[in-house]
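Consider the two complexes below, in which chain A is the common component and chain B and chain C are the respective partners.
Let's turn to the complex of A and B:
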């Protein structure tokens, strides 16, 4: 069975995660793969409507979505999570659990977010009516080693960010191994970084490579 | 389409089933001559069929050889040139060529697309598994027993019930001096492998079934010196002197078991991707490049180190190499590599010069060894993706290429780099037994590895794709 994979978009509210997820989903569907978007706002209005914004609740939200992504990935579906997911530890935990997971950091300067403010959250925070907004009242820990780093400051469009994610998906082989008749140049091997290390060590022992 | 439900199981109209038994690295001089009398099954197939030496790809190595054999395309057309290939023109972006790198149909893809039922066990470059109509157990490029190594997924649980212990994707810890343990593991791997084949063939009729035994290659790399008096490290009378012979005999008996399980009209092919020969030692390609002023490093290492961990001064480097059973050389070309120094108009002259100098590297005593530096654009129909500028055979593959730095010599005879008992030979074996068209035991002229896929497709009644490097063999006349 062909395995799926997960693309996990993390970043502050309003940074453009959902927009990038939409572009990404369209391209991946066009390649013939089933895609599910797990959007933070939607999850909070349904599955996680019992959760608030304390650190334990935010971590629970990440673990729930991570569990769904893992389930989808193991069953041949591509999961795209667009979630603030502010804490490195819980992101690392779900990434390790899923395995075939690409971590994408969607960075946006606070000034840009305040100017954009499509949900009005930053105005509310500035007015003192919202005290736990990530990036202002609550902390955000940027990923130490994201697979793709997008900067949403007006210079890179969501489409080009999605293109870079697609390029990375092909480079690691998650997207390239779907069709035998796909004659795009060879890219990755279909391994997670740990698996690639394991196979490379074996091939070195066998004398095939050094 | 559930072909299991078919009454006769024959899905390809008019075609008889084919069983391909691959023996990675099986050496023609051992199978056809030296040990033939001890291999009754192969001898029977040879006597009643046709056989030939099979000229491998350049390079004669598992990847790309099996993919070329099963697609009819050369490595340049396939776009991979060894196990690890540059993905772009940067210096450090390489990836292992798995099934994800194979962008063309192999024989079983044609069979599956035509509605035939396929079985594949341990065929190189079948991981990650692509869904086909049939059963697949992936190859030694599978990360480990925890991976999805079987298709359909339910097959994995069945396999775990068929075999003893954890599934071995390859011989673990191969660079060990504990040869007795390596030998046990080779037999353990073969035991699992043939048991899976027996179970599958025993319950299901396949239009195309292929398996590749990796044990022959592994045992040759680990035990050749005990057998071969001409090996520089030969130890006469060693207890392992017959290890390789005995394993060939063991495999011959396992093949006999598989032949019992296939329909009588099955066409049986036994084939290897390359041969084997004694390894004389290693040529340290990057040491040579440093000494000759082609390669500059930030600081020469105190201990033996991979080039990537040494730190190359790219602005002062014209060429660098990679190690393995053959050598690969890349030039650092301005406008092509990020810090390229060779001007594009000097490329041809530089390439010709370094090729001639590589070919002239003698052995440690100054004797010529007969090396060849191949240009991909000369030996392949096309050159896809990023190929090395030169593919180098040191000697006729009698010396391996050592990529590490820190040895302070061009020649090494130590085995701390990797197993060094055997290197590959350019020719493998090809045996076909067609019960309806006896071949009379004829030894044919050497055949080309690229001709295997078109030959099989013709026997399967499948149209040949355009642009193949190979064409159907003329064996049974």
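Let's turn to the complex of A and C:
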């Protein structure tokens, strides 16, 4: 049996992880592979309804999802986790346990998230009614060495981010070179040199690279 | 995307659930479908390492596995749960939630389990060191209306039980009629009328049917 793989999307609430996961799943399914999305919100309302937002509970959430991703990966299924997963240590732990796992950092400036605020969480936090929102009351540790780094501030679309993840999956051999999107124009995937420069400038501004 | 389905194997420890699950998974994979086995022992050492063997904990274990089976089924993956799952209410709950779910009762007489005792649990229970073993210290409620009923007392092999489950999966339309084992001799699948009579006699003896 062919092994599967895991794509782990980490980032603040509202950064666009689920949207990117949806695009990614569609392309990988089109290539004929079985895909399961593990979405943080959905998991918290079901499997992890016993967990809150303390650090131990957040780490338990990450470990549970990591355990499922590992099981799926070993059984030839592609797992896509879309999870805030704010702590580097537990993320690194599940990534090592899974092995065939790409870590994707979906980064978004707090100002963008506050402006977007689709779930109303940032408004609640600003009003003092939500004290443990990651990025405001609770810490977020950006991944030290993400395999793919998306910046969700309006300059890169979710599709483009998903395309870059697909490229990376092909580059590391988890996806066959010709299996996905082969006939799409190459301009759809990855950054143009201009975009690349813009994104690098933005990342520098945000202090993520030097 | 095609929906998957779930096969839920319930029965006492050592009754042969995992062996049947293995045979079943092999046949379903051979038909080209993605399959994930959710094995009770494996889950307790990972995802559910926080749970013990009280009734609430056993029900939580069933609900967690049910949640994963539902997620897989909705995403086109076949889930096979091999879990003691002793209580009718929580089994019925997850079966209803999943929808596309066959309930398989893997029944084995305590005398057979004690003679087999691959994990040494029945010896431990007899020595008084294990007080909550299902079937001895803890109750087991047989499913009221299982879709398939296997009796694991040496008269039916695990392969034959798996074949009867495959037949049932085809009968309810979860598996395509021609997708699995089509060229195998039909004598390998299901009971002969003689065997059927024997098994019915045995079930009556055990008090499971009248």
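Going forward, the second predicted complex is superposed on the first by the 176 of 210 C-alpha atoms of A that agree within 3 Å, B and C clash if a C-alpha of one lies under 4 Å from a C-alpha of the other, contacts with A are read in each partner's own complex, and residues count from 1 in each chain.
Going forward, contacts are C-beta pairs under 8 Å (C-beta built on N, C-alpha and C of every residue); 3 or more make two chains touch, one makes a residue touch a chain.
The structure presented is a predicted model; accordingly, all values stated were derived computationally and were not measured.
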Which of chain B and chain C A:64 touches, first, second, both or neither: second
Contacts of A:171 with chain B and chain C, given as first, second, both or neither: first
First (chain B), second (chain C), both or neither touched by A:130: neither
Touching partner for A:92 - first (chain B), second (chain C), both, neither: neither
First (chain B), second (chain C), both or neither touched by A:77: second
Touching partner for A:3 - first (chain B), second (chain C), both, neither: first
Comparing the two partners chain B and chain C, which touches a greater set of residues in chain A: B
Which of chain B and chain C A:37 touches, first, second, both or neither: second
Chain B and chain C contact sites that coincide on chain A, given as residue numbers: 1
Of all residues in chain B, those that touch chain A in their complex: 61-63, 79-80, 82-85, 87, 93, 95-105, 109, 127-131, 140-141, 143-144, 147-148, 151-153, 170, 173-175, 218, 221, 306, 322-325, 384-385, 400, 402-404, 417-420
Contact footprint of chain A on chain C as seen in their complex: 1, 29, 34-38, 46-47, 50, 60, 64, 67-68, 71-72, 75-77
Parts of chain A lying in touch with chain B, wherever the complex brings them together: 1-3, 171, 173, 176-177, 180-191, 195-196, 198-200, 202-210
